[in-house]
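Each chain gets a letter, A, B, C and D, in the order it is written, and its residues are counted from 1.
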Amino acid sequence: MSDKVVTLSEAVGLVEPGDTIALGGMTLYRRPVAFARELIRSRVKDLTLLALTAGYESDLLVGAGSVRRVRTCYFGLEIFGLAPMFTKKARDLEIIEETEVSLALGLRAALSGIGFQPARAWQGTDLLKVRPDVKTISCPYTGERYVAFPAIKPDVAVIHVQESDCQGTAILKGNLALDREMALAAKQTIITTERLVEEVEGQIATFPSRVDAVVLAPKGAYPTSCYPYYRLASQEVLDYVDACSRGEFEEYLARFLDGGEVGER
Amino acid sequence: MSDKVVTLSEAVGLVEPGDTIALGGMTLYRRPVAFARELIRSRVKDLTLLALTAGYESDLLVGAGSVRRVRTCYFGLEIFGLAPMFTKKARDLEIIEETEVSLALGLRAALSGIGFQPARAWQGTDLLKVRPDVKTISCPYTGERYVAFPAIKPDVAVIHVQESDCQGTAILKGNLALDREMALAAKQTIITTERLVEEVEGQIATFPSRVDAVVLAPKGAYPTSCYPYYRLASQEVLDYVDACSRGEFEEYLARFLDGGEVGER
Amino acid sequence: MGVRLGSADRFTIDELIVTCISRQAKNSDLMAQGIATPLVVAGYILAKLTHAPDLIFAVAIGGCITNSWAPLSISRAEEANLERPLYIFSFDEAAGTLMFTIQPKEFFRPAQVDPRGDFNNVVLGDYYAPKLRLPGCGGIADVTNYSPRVYLYVPRHSRAVFVERLDFVSGVGVLEEEERKELSILSPGPRYLVTNLGTFDFEGGRMRLLSYHPGVRVERIQKKTGFPLAMAPDLHETPPPSAEEVMLLREEIDPLGIRELERLSGGRRRAKLREIIEREAEGF
Amino acid sequence: MGVRLGSADRFTIDELIVTCISRQAKNSDLMAQGIATPLVVAGYILAKLTHAPDLIFAVAIGGCITNSWAPLSISRAEEANLERPLYIFSFDEAAGTLMFTIQPKEFFRPAQVDPRGDFNNVVLGDYYAPKLRLPGCGGIADVTNYSPRVYLYVPRHSRAVFVERLDFVSGVGVLEEEERKELSILSPGPRYLVTNLGTFDFEGGRMRLLSYHPGVRVERIQKKTGFPLAMAPDLHETPPPSAEEVMLLREEIDPLGIRELERLSGGRRRAKLREIIEREAEGF
């Protein structure tokens, strides 16, 4: 099998302006932060950012102007509060409202090779008003009306994993989020990994036939966590929030971009 | 939590004539054979037998006259050939054609709390002709026509597992078949288990809130396998096929019913 | 509001809210934990350590189901949840089938609530030109379509939260039977609400005061609510936490006082956060 | 037909079929194994041991994906597959999403095939009063709606198998573009068919002879087929297995001769089965 190991900057080269890019992990856990750093450096713009829950690196991408459109069910910093740049720029972003079900079933529809998946969700809320593209459908058995969530097929998925081999067979420990689904549904999939191994052990999370690039990125999720290798670097996230609250996003961003592949306290 | 441990015969008491009973495992692997034995003894009739793939114990249930209706995508004995009693009685049974997708998505619809699940399946075949209850649906996005598989909600699911606690938190090793889905979707779920343990280790396969009875049944899958405890008892299955080919099903059945909870060679 | 040290019959409002949450958990219940909800996590653990030892948790951080617990933590929440999981789920499974089937109880924290229990976690002000964009509703718009086990908590009861009309509906309240049927909604709406002033339900489709917290007058609760409240016939004072409950909370469950963060904002919140994180780093 | 011992340039028809199956596997392919298909399993392993070392298997017995293999076995197939699985799947996932997405190649064994490659695994004779009820189609009616990697094999080529009109359609063949579109079918139909007489495709929507096996005359193949065959322009003799392939099959992959079962029936099949099972029990 062909070796797919490339550098971060080569991997970022797979992203085109206007792409929908799906980032794995959840909020502050196992985020592809090293990739996001390189993506900001690359100055690719106009991206649609897709995430189960968008957090630290997503806020940096928004602050740096890489993102035009956001698709997520939550954009924030959990116990650290609102995501400062998302909150500040919300009026200028195009926000495509999603929920856990619309994201999960949207990817599932793509994985099933069909145009939609039905669910008992969203009705009685204003989500259907601000997502006029989302249709409803009548159950041929019960007559009930369900929401028909449209397929979501990201252009690029970026998943940070604990271990991968050179062909992109990777494993995930803990916290699966929607990573396996993103990696399978995307047109191109990039794995960034803490470790490159000869052969992974345990239930695999990705299939090499659906992986295009593998990047060795130790500490590649820092300051978000990569269980069980390192935990959330809370002080760093708080430093970010504090910097933004002082109006010093640009200074923080410069430090972040300077930070190389690995940040350490 | 309440202890749900009962005897096989108490567990069989949960099955009513006319019920749809879902049996876990696959063909010759991890089948609830001890339960099937007790079910035949109970003389409950008119059952609808639901299985991913129906094999040894299913054929005994059919031969013994417990079953009126069969829902499965395969009824046979794999390398041992056709299932003799199913083949013999096929004209008298009501056979509801299923496939892997119709079973998996039927259970999934029930688990999702909706009436159907769409799939790209069955079209261009005669299955839709012999299943006029199965409808099609038009995708509101692509305009394509998909089959809308109706929800399947078994009355009783019976799953043979390697280990369970007294409340019905069980694990499965290897071969998941559709057991987790059956156990969750059924109105009542019965676990038969090789071992009763204080606490299971590893990813659980059942949730105690959805389990009604737990039966200690060592060798409860014999002569089918229970990986990794014992393998398929090929000679016993072949003896069954040979007996049937000599027209000696009744004699075999009598021996089977005599066999107690445990068969050994 | 800080922890008042002293005899255990004294308690803070955070501790009372946690205790009210705890009391909604019955033994063997499955309790779902969202993100950034320390009051809820503390309440669930308190229940497990008192009247509901068999409680099981479905946790978003770590993405798993577990029956073990650890003291509240910011940096270590994930590893604590993943230490001995019963079941690790993907959100495809969780959102697609599992949560509908195993039906956990979950406490949500709305930014706005209307009289019938609809709620909002998406935006304040006009959707297209918001005064404040909120993080989003997670799975609330999904869960409130089917779950009979939706619970609410509001740490800062005010007329900004309890409004006659929401800026955006992202969680469904108590609908008329006909409307529910038309929208294929199975959920009967939120079952319970606890705030820093009292406890409530939405019986009959209107927010109703069940109990006022010790020292809080009913008039004050009504004044802080942007619409008329119904009153339960057996309206009473909220039973305070027991000495044991307060002790467990302060010493076992949340020695760092993370639960207090939910009632703070701005610079005070960040300062408290830094204090907690520094104490965690020192190994507390 | 038993294994003819002797020099390795001699081979049985089973071994030729296995070799043809093997040649359809390209390196790094994912190959799906159904149940009761020893010729297919032997073919996949042969490919892995020769030209396709990185082959991965999606196996029904054990319900997993694995890249390891073990000699063919009846009693031990499950434990062999589960010894070092890469991925254990539930059939919910497999049938619902995974197989569509990772698109394995799979060889199916039909009971009947029509000229355009529709096939039948459900019933012989009238559906409601069958001459012979077959086990059922498994996932064939699903897979043939979407997969571009459907392959067929028929160990006993006869006019009973290759019929102008099927008793029941449970697998979809090569449809006209318009019909495929109307039925939302993505699959182009079966790509390849190997029988005990030759190899075929369905190019242009009609079964077409690609090669005749050594010693088989084209006229015999046509005579054993219930409809007129098209002929490939480069019609040729099927290349025989190499000495190494035959050796691997007999000594490494299937020393018990389980692959022969697919060409036997009735009492002879049961006798062979008993012989194999007894040898397995003795520890072969």
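Convention: a contact is a pair of C-beta atoms (placed from the backbone, for glycine too) under 8 Å apart; a residue touches a chain by one contact, two chains touch by 3 or more.
Remember, predicted model here, so these are calculated numbers, not experimental data.
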Inset, instruction - Using the touch definition up top, find the fewest steps from chain A to chain B. - result: 1
Legend entry - Comparison of B-C and A-C (more C-beta pairs in contact): A-C
Legend entry - Intercentroid distance (Cα basis), chain D paired with chain B, Å: 27
Inset, instruction - Round to the nearest whole Å and give the separation of the Cα centres of chain A and chain D. - result: 41
Legend entry - chain A residues counted as touching two or more neighbouring chains: 108, 112-113, 117, 119-120, 144, 146
Legend entry - Residues of chain C whose C-beta touches two or more other chains: 85, 88, 96, 100, 146, 186
Inset, instruction - Would you mind giving me the full set of chain pairs in touch? - result: A-B, A-C, A-D, B-C, B-D
Legend entry - List of chain B residues in touch with chain D within their complex: 26-27, 29, 52-53, 72-76, 78-83, 86-87, 90-91, 95, 97-105, 107-108, 117, 119-127, 130, 144-146, 173-181, 225, 227-228, 231-235, 238, 241-242, 245
Legend entry - Residues of chain D touching chain B in the complex: 35-36, 38, 60-64, 74-76, 78-79, 82, 85, 88-92, 94-96, 100, 118, 122, 127, 129-130, 132-142, 144-146, 168-172, 175, 179, 182-186, 258, 261, 267, 269-270, 273-274, 277-278, 280-281
Inset, instruction - Could you please specify the touching residues of chain A with respect to chain D in the complex? - result: 1, 108, 111-113, 169, 184-185, 203-204, 207-210
Legend entry - Residue ranges of chain C touching chain B (in the complex, touch as defined): 27-28, 30, 54, 65, 85-88, 96-98, 100-102, 146, 186
Legend entry - Residue ranges of chain A in contact with chain B within the complex: 112-120, 135-137, 139-142, 144, 146, 148, 150-151
